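These notes open a run of structures that come right after.
You will see chain A twice below: alongside chain B first, and alongside chain C after that.
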Partner chain A sequence: MAAKTPSPEVVGQVDHHPPRKGWMDTKPEFKPGNYLYAAQPQNLEGVGLANPRTWNPLDDDWQLPADWKGTVREGIAERLQRYRSFKLFMDICVRCGACADKCHFFIGSGDPKNMPVLRAELLRSVYRGELKTAGKILGKMAGGRKLTEDVIKEWFYYFFQCTECRRCSVFCPYGIDTAEITIMARELLNLLGCNIDWIAGPVNNCFHNGNHLGLQPHTFKENVEYLLDDIEEYVGVKIEPTFNRKGAEILFITPSGDVFAEPGIFTFMGYLMLFEHIGLDYTWSTYASEGGNFGFFTSHEMMKRLNAKMYHEAKRLGVKWILGGECGHMWRVVHQYMDTMNGPADFLEMPINPVTGTVFNNASATKMVHITEFTADLIKNDKLNLDPSQNDHLTVTFHDSCNTSRGMGLLEEPRYVMNKVCNNFVDMAPQVTRENTFCCGSGSGLNAGEYLEMRMRGGLPRANGVKRVHEDKGANMLACVCAIDRAVLTPLMEYWVPDVDCCGVSELVGNALVMEGQGEREYNLRGEENPSYVPPPEPEEPEGEGEAEAGEEGAE
Partner chain B sequence: MKLFTILAKHKKAVLKKWLDSIVESYPQETARFLRNKKDQFANPVGYTIEVETEHLFDLLMEGMDREKVTPYLDRIIRIRAIQDFTPSQALYFVFALKYIIRHQVAEEIDSDALEQELVDLEASIDMMALVAFEVYMACREKIYDLRAKEIQQNAYLLLRRAELIVEKPGKDRIEDNAN
Partner chain C sequence: MIGFLFSAVAVLILCGIAVAGVWALDLKVLFGVIIPYAAIITFFAGLVYRVLDWARSPVPFAIPTTCGQEKSLSWIKPNKVDNPTTSGWVILRMAFEVLTFRSLFRNMKLDYREGPKIRYSSEKFLWLFAIMFHYAFLVVLIRHARFFLEPIPGALVVLEHLDGFMEVNLPFLGLGLPAMQLSGLLLLGGVSLLLLRRIVIPQVRYITLASDWFPLFLIIGIALTGALTRYVVRVDVVSIKEMAMGLATFHPVVPDGISVWFYVHLFLVCVLFAYFPFSKLMHLGGVFLSPTRNLPNNTRERRHINPWNYPVKTHDYHEYEDDFREKMIEAGLPVEKEMSEPEPEAPVAEGAEEEDK
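Right after this comes the complex of A and B.
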């Protein structure tokens, strides 16, 4: 009988084991969906980056510049001189493996070259093979290898699967920051013109027009006006902010995604309402209309150039200090690099909250304050009229963005704000929050559409944390303080945990704010009917008439 | 059923072999991690495979149910559908169960009646495979759907201002106006 049935042994005979080869002999296979589109030549030309050309990662010939090997060797040598951290990180790893399973891309993709130790080895092996005597002579035996075009392709493949989130560095006993190794590798790739368009395009646009999408000043302004109309419609309050106003006390800068992308625009509406609510003397800039800094994913020089324009604009407008919106890497750049790159910002004043008088000593170097710190300070000093019941239909959980949590220690403020503007806040497990947070999987310029499938891999561990808090505590809204997060967590949730939506913290603030002269808040900032809205009680009818009616009924 | 009594005895061994067959579809270093790390947050893939294969096995013993089997399969396939696998590599694990069970209990299949029970069980696994195809396709379709949606969301306000999308009240308020 068994012989007549289709034999399951046929299945058993198929070998599903991947081939066992050493990592140096395993090459990545570029397939649509697993690589990012190459930078277009005009985007490299626009900011003077090397080797502009039309190319495709699927091509055999990547059209590397003449003497590209020399360029890379010199590039490594120069960076070893300039950055002590890089030199240290190249030499001190003992391959203990503590970082190996901490990377979201490794956990989600199962590709061992995404283990931080191995990702770093992609560069270290070349450092040894090309620059160290032992590696030059002994090659593989000393962990060294020579530069080949395949090595460059492998770098392109894997250093754009690292989101520079630094989770691995939390677990490294030596404190090796693999993000910095990725930063160096991407700089080297840039020397050869091997950048991705999702980074090069925004960099070029930001440098010339002030923001990633290249919105012209009038378009930026009109977009904001469009959102003001929405606020008027849903909240019943007319707000008239100023643009490029000299002499304003504060310059507000946020990622431009908040001005045009969903759901960022709702966070943007939250900012506008908050500033109106407290009567803040502030202005928007249509030139420094971008907080994000994709230069950070290109090179130190490019990061400096893009960061500088925010400070130039603050100087030009003569403001006292800068208030920054909900962004991830803008804050990492400001917190960790700005002061040594473009500082000191001594033409600005020590930031003081004009409403509460709080002095933000923590921002004494950069003169730039995070919106969540600012909001928390306002709430702590009881300066906001809030109705958290407007968010009662939500059970909110919080995604700690890598850059604001590990990059600058903003851990308590968002939680404090959310607990005041919502009645139902639940945290995810400690293994996946605060310093241990898992990346959204799309940071450091990887949030391109063509990369969605890879982003679903990278975001798996984050989504898994949300899934648990959704199943155990009923969370249905994932809040965050980063524009890239807002954009990418939305599809991530829709794939992994479809019952959970995504928003910015300031959107929750906006929905809870009781504005002076506001109308009925039947709609939230998204223009949806607010399930938590309670209509005011019908005015009671005068007693006399009521009695008369009762009397008539009685007569009938 | 006699076969189920035999299988209950072998449950642990069958599940271990099934788990091995799935994790070994990953590179060696990854397989080691997936098998050994027990924390559901640190190792969501290994954890999911371990938990859901047991659910699937138990359901097979209870009697295959299309509705019940879908979420168990979904949790494994949703992961494999976006990893670096071809469709057959992503789904072969369902068929592998047939081979694993047959090998595990081969020596105890000593009558035609038992053999028939085994064939019936394999038919249930085939049904599981058919559901697996649907789950896999649904995951892939979701990816394509999300890609299209993301293009719209990333430039939402600009599209709205250009009247390329219009709004209607209610949950599905964004409607493509391109047609």
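Right after this comes the complex of A and C.
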């Protein structure tokens, strides 16, 4: 495992002044906690990626393939022809610096190459120096430099130190999206076999087993069954969902992390309860058991290869439309890429909420609806029996996920839902929410254990926003609509704001739902005694006993 | 800092070239006719070429950066400007971007203190300097049309009046200067402040390349020589107009008696025009093409087409089932194909599956 992460006091001392030496003359220092482990050869082989080998970023020799320079040059040229975004963003940056202090990694590390503009220049300088006449001749004076192994190492370091959060793009006068440049740079690195294992592993798993965790079909089902047992124990309701069922009306897909680890599993339980509550005709798939897409963090092609499962499975099962769970980058892919890559989804029908009759016109082509849109619609139409006082011990604040905020615009739906399922909701400052939201610091496949120090740095601006709303308004629960967030905000809060816990919005929904035939809700979905639980009035001899019994029966 | 010196010196050398060429070598036709034509041709041809070159690369995915509420449920109010779903609203978003520098207006500054305590304060200076500079440049450019048009259109006269607000004040000073132009003042002020900003803010200084210093010095040079010809050297405006009209009507003439300072000014302008298409100044054209701004966020409603969308190798359900069939059957999961061996299989699971169908 990685080195011990220094204390928040140490990490919090950040100097944002650039060094004297120009950035072309400095090199990154690979230290435990600030770089990610290299992709294992079998994970690259499994999906046919280039140059599988055992290597370590600390090695001097990275064992790049023969003629790697030609590969990179051609790779850049090809992408310039394919993506107007890339070509334009290589040319029009004026280095105004508006984006400079917008990146959470710059704020948390002070490293000037984490300023989005310089991150982009790492690639732009090679574009000029290797592909443009002026740069080839004038070199540094025209902002150009040559490809060297050190450049590749630098790329590996900094393009896996960008979470593709697009915050920089909001502030750039030309909308230059450094995430887009990172995506291209990672594609180039993948041509050389320089991926990280935390991405390559999930990609390989997802390709073969249907989900990032590599859960085989029976294990996936078993995991869900554990959660069903928990629901039975804490809520007193027995739920029997179906798997891979043909003819269901709706296919539900969510990130696999939520079936596996806390606190995601509580969100998962929330889904199960919600669908039971409204009697939804839906099914889970063990084949398309992953909503997330680490292929997106590898290359456009890999994103398409993994995403293909969703439509493929929907078609095979003959469902009418797809409902998607809480996830950030999954929704960027579904919203902005899926239909283009793997559509048209003409074998599906216009999504209609079977309970409310609402037609989701906004998803008429993709035929995929976000769970929060779905839940908000249910609540608006008064179809849920809710007891928000079950969440009264919580003062909830909300982390807007980068992808759903800046690559979609899902802002009000979760707020509406939270305001209906909890009585105390408070927002963070506008500078750090909605389109201005700060990344969790671990997105885009960087949520590996060995990267903890850097993740805590990158997550600092987010944590600081939470800290403020915690101190000023007493927030003690950070809700989100993203599986990676749930997994990483928990340690982030432990590190920076220990009094705040983290949950998914659907967990809050689950706790507030009054299920038919439920038992006493003394425990929340986490199996903890619920401080907001109000026991029924003291039993008055005969009736009281009866009630208690009924409650117990329900719990069986 | 090398880039800084390099650029400053480069602009001085350019001035030197013009002085030497016109004054010492008397190459007035070269500097007054040939270079201006060449620069203008380079400018337009280069501009068109660059824009077409960008446009040649397709936009495979619709990737607008959304900066507000999406259009989803009918009762949630969408933010139509910052998250547009139709071309009309996209045009408005672009108009705000191009005409008011909306994204720069959002800018906020990091305030990082011990603790750590992090705050963000509004920071409008970059926006202000940029607006100042760009609009002033535009007005100055339009004002120069007076040299190429005869008679001078009324609109231009009105503009000049509005622009020359200091006219009234100056005679007091007894200098007898021609009317001061507000635009010229703002142009020089804006560009100097932008330069100053690059020098003063350490992070911005750190990211600045020679190709960022150079246009700033060049424009400062243009503004200064322009002011020189107008307020100090008092060049012969009538001859200059004759020359300009000659260029505009393709009957170039080179009247005598035009100050060398005018040639320096003209030469720097020519350099700017010729340099423009090959530099970052092309953001003028690029801003219109940016896929994060100029596309509607309606990708779940309308399929965006990728012209080079190619088939990829996937792992389809049948391959998956082949890998796991036995385990799936054991776990009671429905399968498409039964096990090939005629083996008695988990009867309970089978029953459950039949029901589902």
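By definition in this document, the second predicted complex is superposed on the first by the 521 of 556 C-alpha atoms of A that agree within 3 Å, B and C clash if a C-alpha of one lies under 4 Å from a C-alpha of the other, contacts with A are read in each partner's own complex, and residues count from 1 in each chain.
Criterion: a contact is a pair of C-beta atoms (placed from the backbone, for glycine too) under 8 Å apart; a residue touches a chain by one contact, two chains touch by 3 or more.
Predicted, not measured: the structure shown is a model, and the values here were computed from it.
Visitor: What does the overlay on chain A give for chain B and chain C, a clash or a fit?
Guide: clash
Visitor: Once chain A of both complexes is superposed, is A:Pro112 in touch with chain B (first), chain C (second), both, or neither?
Guide: A:Pro112 sits against chain B and chain C alike.
Visitor: Per the contact definition in the header, classify A:Leu80: touching chain B only (first), chain C only (second), both, or neither.
Guide: After superposing on A, A:Leu80 lies in contact with chain C but is clear of chain B.
Visitor: Who touches more of chain A, chain B or chain C?
Guide: C
Visitor: Check the residue A:Arg521 against both partner chains and state whether it touches chain B (first), chain C (second), both, or neither.
Guide: Neither partner.
Visitor: Answer with first, second, both or neither: which of chain B and chain C does A:Tyr226 touch in the superposed model?
Guide: A:Tyr226 sits against chain B, while chain C stays out of touch.
Visitor: Determine, under the contact definition given at the top, whether A:His277 touches first (chain B), second (chain C), both, or neither.
Guide: neither
Visitor: Could you say whether A:Val259 touches chain B, chain C, both of them, or neither, answering first, second, both or neither?
Guide: Only chain B is touched by A:Val259; chain C is not.
Visitor: Of the two partner chains, chain B (first) and chain C (second), which one does A:Gln431 touch, if any: first, second, both, or neither?
Guide: Both partners, chain B and chain C.
Visitor: After lining up the shared chain so the two structures overlap, which partner does A:Lys153 touch, if you call chain B first and chain C second: first, second, both or neither?
Guide: The answer is neither, since A:Lys153 touches no partner chain.
Visitor: With the two structures laid over each other on chain A, which partner does A:Met456 touch: chain B (first), chain C (second), both, or neither?
Guide: After superposing on A, A:Met456 lies in contact with chain B but is clear of chain C.
Visitor: Which one of 39-47, 57-65, 111-119 or 129-137 is the stretch of chain B that crashes into chain C?
Guide: 39-47
Visitor: Just to be sure I follow: which residues of chain A are touched by chain B in one complex and then by chain C in the other one?
Guide: Shared contact residues on chain A (touching chain B in one complex, chain C in the other): 12, 14, 16-18, 100-101, 107, 112, 115, 222, 431-432, 460-461, 464.
Visitor: What residues of chain A sit close enough to touch chain C in their complex?
Guide: Against chain C, the touching part of chain A is residues 12-14, 16-18, 22-23, 48, 80-88, 91-98, 100-101, 107, 112, 115, 117-118, 121, 134, 140-143, 166, 169-177, 180, 207-210, 216-218, 221-222, 242-247, 286-287, 300-301, 304-305, 308-309, 312-313, 316, 334-337, 339-341, 343-344, 358, 360-366, 368, 370, 373, 376-377, 380, 405-413, 416, 431-432, 434-435, 460-461, 464.
Visitor: List the residues on chain A that touch chain B in their complex, please.
Guide: Answer in residue numbers: 1-2, 5, 8-9, 11-12, 14, 16-18, 20, 34, 100-101, 106-112, 115, 213, 222-223, 226-227, 257, 259-263, 265, 429, 431-432, 449, 452-453, 456-457, 460-461, 464-465, 468, 487, 490-491, 494-496, 527-529.
Visitor: Using the touch definition from the top, list the residues of chain C that touch chain A in their complex.
Guide: Residues of chain C touching chain A: 2-3, 6, 50, 53-63, 65-73, 75-79, 82-83, 97, 101, 103-104, 106-110, 112, 115-118, 120, 126, 130, 201-212, 278, 280, 282-283, 286-287, 289-293, 297-306, 308-309, 312-317, 320-321, 323-324, 327-328, 330-334, 356-357.
Visitor: Residue numbers of chain B touching chain A in their complex, please.
Guide: Result: residues 21, 24-30, 33-34, 37, 39-45, 78-79, 82-84, 89, 92, 95-96, 98-100, 102-103, 112, 115-116, 118-119, 122, 139, 142-143, 146-147, 149-151, 153-158, 160-161, 167, 169-171, 173 of chain B touch chain A.
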